[in-house]
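For clarity, chains are labelled A, B, C, D and E in written order, and residue numbers in each chain start from 1.
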Amino acid sequence: MTRSSQSQFLRGIILLVVLAMIAAACGSSTSDTTAAASPGTTTAPNTPDTTAAPSTPDTTAAPSTPSGDPIIIGSTLALTGFLAPTAAIHKVAGDLFVEQLNANGGLLGRPVEWVVLDDESVPDQAAALYERLITEDGVDAIMGPYGTGTITAAMQVAERYGYVMPQHTGSLTYTYGYDCQFPAWPAGRNPNITNSNLVFDALESTGTPPATIAFVINQFPGTMYVAYGQPDTDEGGAVSIAKDRGYDVVLDIQYPSTTSDWGPIAAQVRDANPDFLFLGALGVDGPNLIAAMDALDYQVPGMFLQWPAPGPMLGAGPSADGAMSVTAFEPHPPFTDDPAYAAIAQAFTDAAAAAGLPYTAFETQASASWAAWQILIAGIEGAGSLDQAADCDYLLNNTIDTVFGPIDFDPDQNNYYGDLSYVKQIQNGDWVVVWPANGAPDGVSVQYSPGG
Amino acid sequence: MTLYGQAIISGVLAGGLYAMMSLGVSLSWGVLKIINLAYFSFILLAGYGSYELATSHGWDPFVTVLAVVPVVVIVGALLQLFFEKVKIGEFESLLVTFGLLIMLESVARSIWSADFRRIPSTANPYASSSLKIGDFAFPTPQLSAFLTAIVIGLLMKYLLDRTYFGKAVRALAQDRDMARAFGVDHRRVAVILSGLAAATAAIAGVFIAMSQALFPGLAVEWFGIVFPVVILGGLGSTLGALGAGVVIGVAAAIASVAWGPSYAPLATFVILIATLLFRPEGLFTRKASV
Amino acid sequence: MKLLQFDGIHKRFGGVAALGGVSGTLEEGEILGLVGPNGSGKSTLINILSGFAEPNEGQITFAGVDVTDTEAHHRFEAGIARTYQIPRPFSSMTARNNVAVSLIFGKTKLHPSDATDRALQWLDFAGLAGFADQSVSELNLHQLKYLELARALASEPRVLFLDEVLAGLNPTEIEESILMIRRIHDLGISLVIVEHVLRVVNALSTRIMALNQGLVIAEGAPEDVMKDPEVVRAYLGSRWKHA
Amino acid sequence: MLEVRDVAAGYGKAQALWGLSLTVSVGEIVTIVGPNGAGKSTLVNVIGGLQPAWQGSIDLDGVELTNLATHRVCASGVAVVPEGRRVFPEMSVSDNLDMGAYHREARRHRDETYAEVCEIFPRLAERAQQLAGSLSGGEQQMLAIGRAMMSRPKLLLLDEPSLGLAPVIVEAIFDVIREINKTGTSILLVEQNVVEGLELAHRGYVLEEGRIVREGPAADLLDDKELQASYFGM
Amino acid sequence: MNRPTVVRLTGFSVLALALWFLPALQGPLGFPIFYLLFGYSLLFWFAQASSWNMFTGFSGYFSFGQGAFYGVGVYTTGVLASKQGWPLIAAIPVAGVLAAVLGLSLGFVVFRLRRLQGEIFALVTLAVAFVVAAIARVSSTIDGGSGIALNNVQLPEFLGAYPSMMFRLGLIIATVTIFAAATIQHSRLGWGLFSINDDEAVAESLGVPTFRHKMMAFGLSAFFAGLSGAVHAIQISYITIEDVFSIRIPLFVIVMSVLGGMRHWMGPIVGATIIHTLTDRLNRASDLELFGGNVTVSLDHLNDIIIGLLLILMVLAVKDGLWPRLVRRKWVGAGAFIVGILVARLWAPEMSLIGQFVAGELGAVVILLPSSEVIDRWRNWRSTTGSPDAPSDRPGVGASR
């Protein structure tokens, strides 16, 4: 290449890059206002009509094609950053919900468009973006983000503007004083108390409860809250409840979220040799610790994991068998007794596979997401308008049908409505609900005996 | 006693992996004067490559090395070629490779999604197996990573100490002009060296895929391990990196057992600060009397 | 009057003694030439006297005050300035700003906005007024050396160390520089010059001190020192027969 | 054999050589003397390929060296013993020597050359495993010369090998240079130490301020009374 | 106080005072309230980038300590204002002081040790950020892993409703920080820092009290980083160690300053404006169809790719950053800015104000990017490729450090 042609070449590249940026920047901002393209075109043609979302109470009429200006629902999700692995599930669930909603006549007869911004797992970013969605983009309604910190930040914005904010997964229940926030995660106002009681009840239902118990807790706000209660007040918490119930707490340690060497923790658990391990785990902490304990040739007789990524646990080998966690929905009877939900679970699995997610079951995270959408739509449909105060009012004063069953929001309990959680357990290589018995499939019960 | 013993074993073995993760950065920085954060991406992408082959194509995780390493080596060598072309300085290289790192993280996210990827135990029998000696256990992935690190460390040491190539590398690091005056083609040496360094990163990535779950944000989390190892070990020192990896692994393990796992990072960084203040050339480098 | 006095300066690098106990004085108004073959310790001595390096032993007195442990920037304020063999301008600044730095921090302690004005005066002295607002990267070696002179002079020093101001210059430039050095001396500044071009040292110096292997081997008037057999041997070899 | 024609060179903005020409014939020792700052080191660096020539040409046995890539100069038969030795301080003595034998041709004869070097410098053989940085100045100088010899050069460039060394050691080093020359290697020596430098040489040049001011048989230069005058600027 | 300082002070005060009443104009002008919060975020980044740059950009000592100073600020609000019930207004200055104390003690050690220059300095500061995070993690007085919810903090309500209050707090802190940076740049301290940047040893020999200047600049830099961290805690509203001490803050201040130019106080402001507006407008999880739908680009991940690419391009091609170019070719830049806006308006008439601004700013960047430097660099590349081994520059030349 000659000199001049080379410098032209570099210039050209720079120019192209910058042009691409312009295109991208402008494209994104124009689509805020001009993306009126019919959502129907993006609807997968193979969506069976039977999957009419049960959220829309008055779908008595045959589904009609929605018309008019789209209703814009805005939210952020942690598309990047440390919350991104789980947020990806909420993206798929939300996309699927909106798609089905539009296929079934839309909302108030209008098509729905969901605008998702990336909060990068960062609360301040989430707050700023909700401000943008509400006051600049002028979205008609909002959906909560994923993640405790981002939810807390977003809720303050929602409160300022009186927006209804359903949220799927906020775990710091005691901080959510805003009346128009509607939690979908059905773990109740006091998960620090109810969560561990549920687990211990399940264990005691076997008749052979553990005598000794070890607590290994991720230093994450939600897991710390469940294990130790609200900071600075220390009311409740799994550790003190375990002591109250007469278990001998033989180990009580916390680990940072960035732990990379699980060997020492495994060694500590082996050294304590508890009958039961209460692991305040997130993400893949469970499989990592199980592998580390396996390598020590050590298995605990039973273990509970707080909020694990469910897929990797199933791939964690035989030692993960019998591990427990909490859930509110699992894709098996009795949850799928309603054919509509069976179809939704299947549709989610297909959509998740298409999106490249490794674990595609419609379970806690996805169902919480679904429930949050149901709450949002129920409010709007119920009030028959996009007026936020009316929607909020409707939700506060009516029983709402969700994937978790009918729920009544109680403002005195920060809109929580009792703990609808179940204990699930890995049995025969898959998650299955085992406790309370009304959630368990026939013939399934808690498997645990401290003897091993 | 068993508790501390086992924790220390765990720390030592983890140190091997840390060393392999750090070797690329250390060599590149110490010898080529390029702070190459792209090695973090190499580790991550190699891990994903191994995951993909093991999960979708049923390869034995160990065997994936054969496919993953050559690709990463080529990428590493090409990157160095680029650096040689643009004559990049130390700090510029830090910024440029940081840009590369966040771009590659993005690429990983669009290919493998942000969700966790872990080779299921059916495809990876090694994750939970171990070698047992008395009360003590040596987990297979960590043990093999440690042994590989030792082999690589010794091979690298041999390569650097005994071969003409290695002598050329060291000569370049000590007096670039004189090395060239005696016939060393620095560009060729640099490209080969960064290829080799990339190979160690790729191997580390395979072991990581074998023992833990992957997600795109992981690369940035390794900063807290790799930089302490590189500094403690002394820039460009292979056996130093190995020693430093073990020191950090053991310090974190002991802190973890003695005061709780939340103290592990504190122990690591206190050692790091102390080293920087009192022996910034690293714990394991010997200096000719000056 | 003794302006600068140094006694028993020792400096070791590793095990090697670069200076093995050097003593001397500089009188007010003198031009002291410092000569000696490569590696004799001239640069080390200048570095120590200007505060760039610390001696292992010895004492330095400037205008009656012990400055042995005084940091370089305080010595500069007190009136000790220097130039460098290879010019070390502030490469990202203009010529004017290079000079301004020493007006701001030197004895004059001007405010930056005044300093940039005053700097022009010294650039003019060095014949660089036309380059005041150019980046130093546009100056040639000769001009850079003058810039260093301007920078050193701006703070009105009492003594100026010139470290090989002439190295790398062509004959015309060398002649110019000699005139410049005389003009500087005329300002009343005492000079210490290190120079390889001995004819220049001879022409300029009022007194010469010759170093070899870290020791003073001769001292006195230029013509005497240049004929000193030790000096001749140091330069030409131990068996130079014409000495 | 070596022909340097009208070479100009310098560092950055400082010109150090101003159109300089010289020759070295096969088997000859040529010494270039001149005060510090005369441009001696620049000359060595330019011939050794460490520094580019701004103008002019250099060739060795008809092979053009001018601005050849640094790492190719060595293979064409020029080896440098640079000012200040510049051994690789954190490598052992034997590794330093091996670096001398880095290019392919020299590597093939490595063992025999190594034996020759050890014969000339028994001290290096004794200290083969020691780090070069821990050697004394004289030993480092020997190592630098040994390293250059390892490349089996046709022409050896020595830049002030006497610098900073005790007279006895200088004596010894110059003996070695003479010995090396006897094996057929041409030598270009740059020295500020006029007597020792010229006594060794067949021919000499006097360099001053980047130009050659005098040249001739070494003995003539040694007899030249004016040399001192020009040296001291009187 | 001398005249330029008075002029600068007046200018900054007038500008700040004018902006102070912007929130009041929100109703009459009818712009979205989001713009106030967007403005706050912008001001936050101005303060962060300027505070980093007033030490690193001016002195050349590359610090990764920003994360630690910012974190100290955030956690001061968390501990004092949330846990201890202090009013926010009281916690803010304490945050600045604590951050400055950390900066000064760090500086006292590392600036005394000569061997800790260059990359080692950068790494020490990085390690300090890690250590501060590690301490917060184990101390339950600070955090202990539970995080701190800030919904109970007493906010300075006399500053208006939340968006107005944040905007005004941000305005105060950014103004003070930028004013400090500008004043430093033109003061003795700034001159000292710039000369340290070029050649520290020479600076010392020309009378620059290098140790004192580095300490002052580092301390001030930490102080302002702490101040703005303390305010930002409110915007975060739920603080956790992982978020606060992530690589985000140090990374972004570097990218912003490098992009804008590190040798002038305006550099970080230009850089922060471009990066922040661009990332805000690029932030959208959707597919973008280009060329009539023939090419589909997923925007989910474009943000990072563009930031990465910008960083690489800037470092390789535009070493001084954009500000000096903008000064040199202000009319060209301004023209391109307007053209950019016009193009955007034609293309998408309903584009938001910020969107139009981004279009204009990209227009200016396009014009300013390929300059003679790029071409020079390319030529150098070509010439080195031509003769593969031009010897490297002599060691120790000039001011390279």
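Simple rule for what comes next: a residue touches a chain if its C-beta (ideal position, glycine included) is under 8 Å from a C-beta of that chain, and two chains touch if they have at least 3 such contacts.
Keep in mind it's a predicted model, so treat the numbers as computed, not measured.
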{"item": "Maximum centroid distance from chain E, chain identifier (CA atoms)", "value": "D"}
{"item": "Between the pairs B-D and A-E, the one where more C-beta pairs touch", "value": "A-E"}
{"item": "Whole-Å gap between the CA centroids of chain A and chain B", "value": "35"}
{"item": "Between chain E and chain B, distance of the C-alpha-averaged centres to the nearest whole Å", "value": "32"}
{"item": "Multi-chain contact sites of chain A, meaning residues that touch two or more partners", "value": "79-80, 82, 219, 254, 256, 258"}
{"item": "Sequence positions of chain D contacting 2 or more other chains", "value": "11-12, 49-50, 69-72"}
{"item": "Touching two or more other chains - residues of chain B", "value": "106, 109, 177, 180, 185, 224, 260, 262, 265, 289-290"}
{"item": "Residue ranges of chain C touching chain D (in the complex, touch as defined)", "value": "16, 37-39, 86, 140-141, 144, 164, 167-171, 174, 196-203, 213, 223, 226, 232, 235-243"}
{"item": "Residues on chain A engaged by chain B in the complex (per definition of touch)", "value": "79-82, 84-89, 219, 253-256, 258-261, 263-268, 270-271, 283-284, 287-288, 290-292, 294-297, 309, 311-312, 314-319, 355-359"}
{"item": "Footprint of chain C on chain E - complex, ascending", "value": "2-4, 186-188, 190-192, 194-195, 197-199, 201-210, 263, 396-399"}
{"item": "Contacting residues of chain D [partner chain B, same complex]", "value": "48-50, 69-75, 79-80, 82, 86, 88-91, 95, 98-100, 102-103, 106-107, 131-134, 147, 151"}
{"item": "Chain E partner contacts - residues on chain C that touch it in the complex", "value": "50-52, 71-74, 76-77, 81-82, 84, 86-93, 97, 100-102, 104-107, 111-113, 151, 155"}
